[in-house]
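Structures for review follow.
Two complexes come next, and they have one chain in common, chain A, joined by chain B in the first and chain C in the second.
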Partner chain A sequence: MSEALSRLTRWASLFWLGLFAITWALSTWSFDLYKALDARWIIRFPKKFELPLDKWISDAMSWLVEDATFGLFTFRDVTRFISALIEAPYDIVRSLLIDGFAVGQGQQAVQVAPSLSWIAVIGIILALAYHARRRNLVLLVGICFVYLAMFGQWDSAMITLASVLIAVPIGVAGGLALGIFAYRVPLAERMMRPVLDLMQTVPVFAYLVPILFLFGFGPVSALVATVVYAMPPMVRVSTVALQSVPQELIEAGRMVGCTQRQMMWKVLIPTAKPSLMVGVNQVIMLTLNMVIIASMIGAGGLGYDVLTALRRLDIGGGVEAGLAIVVMAIALDRLSQAFAVRRFDAPLNPSLPFHKRRPLLTGILLLVAVTTVAGLFVPPVHLYPEDLTITTGSFWTAAIEWINVNFFNTLEFIKTQLLTFLLVPIKKFFGGIPWIWGILVIGLAAGRVGGWKLGLLAAGLTLFVAASGLWGKAMTTVYLCATSVLIASIIGIPLGIWAGQSARANSVIGAFIDTLQTLPSFVYLIPVVMLFRVGDFSAMIAVVLYALAPAVRYAAHGIRSIDAELIEAGKVFGCTERQILWRIKLPLAAPSLLLGLNQTIMLAISMLVITALVGTRDLGQEVYIALTKANTGQGIVAGLAVAFIAIIADRIVTALARSSRERLGLK
Partner chain B sequence: MKPMKTVLAGVLTAFVSTGAFAGVESQDPIKLTTHDWTGQIITTTIMGEVLKKAGYNVEYVQADYIAQFAGLKTGDLHVAMEIWETTGRDAMDEAFATGKVVNMGETGMEAIEEWWYPAYMEEVCPGLPDWKALNDCAQEFSTPETEPLGRYLGGPVTWGGYDDERVEALGMDFEVVHAGTDAALFAELESAYQRKAPIVLWLYSPHWAPAKYKGSFVKFPAYTPECYNDPAWGSNPDAAYDCGKPTGPIWKVSWEGVEKKWPGAAKAIKAFTVSNADMGDMVGKVDLDGAKIEDVVAEWLKANEAEWSTWTK
Partner chain C sequence: MERPVKLDCRGVWKIYGSDPKAFLARHGGAPTAEDLAAERMTGAVRDASVQICEGEIFVIMGLSGSGKSTLVRCLSRLIEPTAGEIQFEGRNLLSMNEAELIEVRRKKMGMVFQHFALLPHLTVLQNAAFPLEVQGVDKKTREDRARQMIEIVGLVGREDHFPRQLSGGQQQRVGIARSLVADPDLWFLDEPFSALDPLIRREMQDEFMRLQAMLHKTIVFITHDFDEAIRLADRIAVMKDGVIEQIATPEELVRNPATSYVEDFTQHIPRAKVVKLRSVMAQGVPEGPYAGELPGSLTVAEAVDQVEAAPHPFKVLDEDGVAVGTIDGRTVVDVMIGRRS
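For the complex of A and B:
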């Protein structure tokens, strides 16, 4: 038995070694092979077999925009109607928060009511935090919003808040509706899954152009793009949450004679509420992740401030506006989490007068009324006075200059070493793989890990990439991602292990990771370019910084969730700390580490498009070029290629995690 | 009582002022597009303020430089104040061909795009700004990645510019590295300037950078259309692009419906001009001194009332 097993593992490692050896040999000599055989098709996909998919998509798009009609109205009328539906509430929220209400157009407009004063907005937010029954939360949220006012970010922050307040409810309601649909109709769930995969992996830049064409120029298009990007986790979470409602509860509901509607809204959804709130939280975070990209197509707000500040190299301004996004994300995230775990209210006593029944609400209404009236006479009550704002702008600029002047040569040396010994060899390896072998090897590897179905899927998706004429750029993408993921894991996993073992390390590392993930990458991209110049290396640093978070989080989670008895047992046997870590903790945490790896890869791929902004020559650049040339087809095809790489990586790593869990006997 | 009165007074004023502006052809807002660089926003704001003073309703809409043409064709957007000959030619030609977008003439500003080096490089490479002198000290500009060639930082690939072809045609010992965005371009310049390190890169004017950093554009053989079309022209008989980049006007374009719906506004838009020097000055005030765009524009309007008041007549 054990002999058979060892023969099996020997065969398995032989398989992987052989596969790698052939790939390496082909990659090294593919160019010579092409010269020797005079067969250019070895390194380039033959032009005449390339799919003109991009042209078809562009044509279909212009037909949709210009000609498609349902008789009485055109397709464009429909999308424009939807935009009007979204724009109306957006305008109201925006007027309420910052612009004030006005009647009439343009300069004939007359303000009929002012917006809420900054004091009133902070009051409302604090009351919400208090209502969620968390004292610490009141303090945290208060500090966050006072930061916005004191650092002069208030106006932009309110514009961003307005789009969040519209995008999040749409994303949540839409996600919940689709989730319920998928729960009720299993076929729909199966059909939705690949669509959701694409929504999460196709870079946003790829579909910005068609959204602009259909929904018009302005904040609405930005909102639509945000919703498309932020909704998928909500759909997934709601389906799973509904499916995991205990069967006994459903039975009980049936016995008391619930209708289908009552069952959904009175039994299923209340029971699933804590899990559903996790989805809401995801939607909020992803919406804030989109702030920068949304501002490129007219959303304005904090994202726009970050972009314009960095375009004129005002690093301090960019950092402050970027931190304002972080601060807002933290406040909204903690608030939504607090509401997720909040218990139900005690029933109110109807005999009491209103102000005693609802003291908090009464107080807020009073605050709004008082500050609104007072704001008409004393402007600082309405708008935070500009003289009292503070800034740390010059500090950041000076700090970067100091590093640049004093340490550039050191950094340059490190960079050159890494480039010569790591990046360039990996680039050559991936760049040299002939496309036919590439398709085959991915199919074989995926088939080996997850069965022949997965192998076929992987090979098919790779063939699509090659047939779109994007093989070279796709390999550059894979090289950049692979290197970044490698480095992110080397840095992230030890940090995660440390955080998993020490509570104090965890709080520091956790805060650092949260900031890195919500801080718009554009903020650190420009300083990185100043220190490392335009090129792959700068792109890699940006990707590593962004993709670090899951490597750390999952490693920490894996270490923390190990059964304490196993560690005790190790101690009883006299293991040293080192042996406990290497022989017990790490092997048991392996499935978690693999999940972390999966997420790291996903985030690295989603960062690719941003790296095009510092000049890489990968699929991200292809998508970005398509965006700047408003070429719908080119953008979507390149976006799909990115998505397919992500999907292949995701499926393979998930299959690996599953088999490693099985081997360890963890369900 | 007092707030009530204020509101009433406001409504009254509105009534009166609507009457006063009854002269314009349509009260619908004219949508002017703004992009992501300061100069363009200033140009657009000047135009917008002048139109407002003439009684038109104006709305500024943020839109992408190239993607906006889709909106201009359908009439979602109305006026784009800065389309550069150097970077927007193809998009303009395509849009004019549909007949739905029309040319509203030059803005008076001239776009310059060329290789540029900081002044401190003149000591290292005597003979600058001549391109041959630059080529003779190409080694000074080399980095570990480009060695032994010099490193030239070009614009984003989407800007075109034929720099790879130029290096080839003139036989220059440079490697072209493309920045992803202009923000990355200027980040590198700032970094090199702080260290007084060698750099040669693509800059353009009107922009704040040539005002902030001391330096000059490289002098290539002057551009002619033949140079780009005819390989026989120039020092290299077998290759085109053996010359510098073309300079060209910055154009104004609009949706074709503007002239029918707001003839008076169309006339003003066509009449609009501003000089390179004025623009460079205003951009510098905003991007370098941190002034607000509205204030800078108001200042310009005050100083040049004699000029812009003729546009709307």
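For the complex of A and C:
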């Protein structure tokens, strides 16, 4: 029995070893092979068999925009209608926050009402924080917004906030509506699930291309892209939240004679509200993330400031705008989280007069009225006085310069060492794999882990990548992703284990990781570019920072959720701390670690695409180029290639996690 | 005591599995346990027939998984039976459309749930008023009515609390208030006290009896606790694996179990708790000194202290207060200690 088992494990490790050895050999000598046999198809997918999918998509899009008609109206009319629908409320919010209300066009425009004063905006935000019943929160949010005013980021921040204020309600309402639909119609849920899966793996830039093509450059495009990006998690959260309302409550609703609508609005949604609010928080954070990225297609605001600063290599401006984004992200995140955990209010006493029933609201209305009127006569009340703003731009420029001057050698040393001994070899390894063998080896590995169906799926998706003529770039993506995930795991897992074992470590590491995770992905590029300039190495660092959080979280969770009795049993048998860690905790935490790995890979891939901005030569760059040329087909195909890589990785790691759970008898 | 039938259910089946209707048809509408097992179907309720009379407390009892909840959900049509007929006040419940069903539930039925099923975002008062809110009753009327109910269940002073701020017993009181606020005729209770501690459970049972003495509802009460069943029931239906094994008064159940399962079930029940004086009394009332008179509906356990302490036997009265028999100390002690004479 045990002999058979050991033969089995030996055979298993032989399989993996063999696979790796062949891959390595082929990767090393593929170029020589091609030279020797004069067979270029070995390293390059033959041109004449390439799928012209990108051209087809581009043609289809052009047809949609130019010729498609639904009888009464054309496709163009539909996009115009959507634009108008989004633009109207956006204009209102923007007028309210910054521009002020005007009548007339262009030069003839006459202002009829001013925008809200900065004091009023801060007052409203503080009242919201107070309403969420968190004293500390009021302080934190107050500091954040006063920072934005004092450091001269107010206008950009308000433009960004306006986009958020429009995109979030649309995302939440749309997500909730689709979620309700999926909850009511199980067939719809089954059909939506793969679409949602794909939406969450397709890189953000890839959305931007067709949207840019359909809606043109400007805030509307940015808002559409933002909503498309931020809505899928809300759909999922809504469906799950509704599904997890206890059956008894639904029966109670039916027994008192609720109609379908009453059931939804009086029973299901209020009961599911705490979970729904988690979804709302997610929508807010994703919206902010995307609003920043969407500055590339005309969102304006803080993202635009960062983008221009990055392009001009204006260190000070970049860091300033970046910090403003950080501040805003933290404020919005904490605020929405506070609302998520807020308890239900006691009913108001209707006999009291309005100002006694709602003192906070009354105060805010007064504040708005007073500051608006006073702002007309005393400008500083309306706009934060410019000569009181503090510019830190030159400080940051100097600081970075100082670091670069004093630590140039150290930084450069680290960079070259890592490049020579890690990045370049891995790049060579992946880059050299001939495409045919690549397809085969993925299929074999996936099949071995998750059954022949998964194997076929993986091989098929890989074939798509190769057949689109993207093999080389895809391998660059894989190499960057693999390296970043490796480093993120090496840093993150030990941190997570430490946090899982010690409450004190956890409070520090947890806070750090929470903050890292609230930051929009764009922000990570700034310090990295400042210190390491452009290239693969900078990209890798940004990806590692962005993808670190799940590695830490899941490791900590895995360690923490181990049955305490098992650890006690280990102690009783006289295990040392070390043995307990290696023999009990780690094996039991393996499924959790694998789930963390999965999330790390997903985040790494999504970040990788954004690092195209700092000059990687992977699929992200392909999408980015497509974006600048507004080439829909190229963008979508490259985006799909990225999504397919993500899907393959996801399925393989999930299968691994599943089998490791089964091995441990966990369900 | 002939009462009109309120809810009449005949030959009700509820089968889980793939295409249960076709399965039932294949087996001529009466599959055996083997048929079910062979096709991996679950017979949650099998051929159940019960008549629930106006004003009675009808208890359905059985072990976990025996199909009690499923049966009661068929009776209220929260789930669709696979086959069978259900008449509610002479109307066919199963052919009602959604609107009719909503109307019946709003006006005629109330239900209490095992885990209370209170809405977490509403206060005690709002929860109790919820059925009326759904019916569109104006705020003042419904809150007045809810306040009355809260008073009846003894929760005055907690109207503005949220469910999470209440103990289990208090939460179930809210559940009871809610189920009664629309003044239903038929009251379903699905293991209402099972989630409570034994002491509180007893207190709630007393409370329940007090309420019923006041309200005279028709009640379908589910429990897996035989003691609870005996305390409360006019009649008991014992279920096993979806089948109703016997329907009888508590006393009959103990004295004449229909199947060995019921017998096993009732064996450990102290007979004195269910046996009524009228069943063990000596017929006829001869001359002689008597210690007093006792109603025949009293159980032996309730009468034992009095009867045993007295120097003379007691007269036993029937429902109309006419003396029909006598009972002495030796007979009650025989029943108490299980000695057969």
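Everything that follows uses one rule, which is that the second predicted complex is superposed on the first by the 605 of 667 C-alpha atoms of A that agree within 3 Å, B and C clash if a C-alpha of one lies under 4 Å from a C-alpha of the other, contacts with A are read in each partner's own complex, and residues count from 1 in each chain.
Note that contacts are C-beta pairs under 8 Å (C-beta built on N, C-alpha and C of every residue); 3 or more make two chains touch, one makes a residue touch a chain.
A quick note: this is a predicted structure, and the numbers were derived from the prediction, not measured.
J.: Based on the shared chain A superposition, would you classify chain B and chain C as clashing or fitting together?
T.: With chain A as the common anchor, chain B and chain C both fit in the superposed model.
J.: Considering only the touch criterion stated at the top, classify A:Lys629 as touching first (chain B), second (chain C), both, or neither.
T.: In the superposition, A:Lys629 touches chain B alone.
J.: Is A:Val405 touching anything from chain B or chain C once the two structures are fitted on A? First, second, both or neither.
T.: Once the two structures are laid over each other on A, A:Val405 reaches chain B alone.
J.: Is A:Leu310 contacted by the first partner chain B, the second partner chain C, both or neither?
T.: A:Leu310: touches chain B, not chain C.
J.: Counting touched residues of chain A, say whether chain B or chain C comes out ahead.
T.: It is B that touches the greater number of chain A residues.
J.: Between chain B (first) and chain C (second), which, if any, makes contact with A:Val267: first, second, both or neither?
T.: Only chain C is touched by A:Val267; chain B is not.
J.: Determine the nearest approach in Å between the Cα atoms of chain B and those of chain C after overlaying the two structures.
T.: Chain B and chain C, overlaid via chain A, are at closest 44 Å apart by C-alpha.
J.: Can you list the residues of chain A that meet both chain B and chain C?
T.: none
J.: Sort out for me which residues of chain C touch chain A in the complex.
T.: 73, 76, 78, 102-103, 105-106, 109-111, 113-117, 119-123, 126, 130-131, 133-135, 160, 162, 178-179, 182, 188
J.: Can you name the residues of chain A that touch chain C in the complex?
T.: It comes out as residues 246, 248-249, 251-252, 254-259, 262, 266-267, 270-271, 273, 343-344, 346-347.
J.: Within their complex, state which residues of chain B touch chain A.
T.: Against chain A, chain B makes touches at 3, 6-7, 10-11, 13-14, 17-18, 21, 27-29, 33, 36-38, 52, 56-59, 61-71, 76-77, 143-145, 153, 156-158, 177-188, 190-191, 194-195, 197, 208, 287-288.
J.: How about chain A: which of its residues touch chain B in the complex?
T.: 65, 103-112, 208-209, 212-213, 216-218, 296-298, 300, 304, 307-308, 310-313, 373, 376, 401, 404-405, 408, 412, 416, 419, 525-527, 529-531, 533-535, 611-616, 621, 624-625, 627-630
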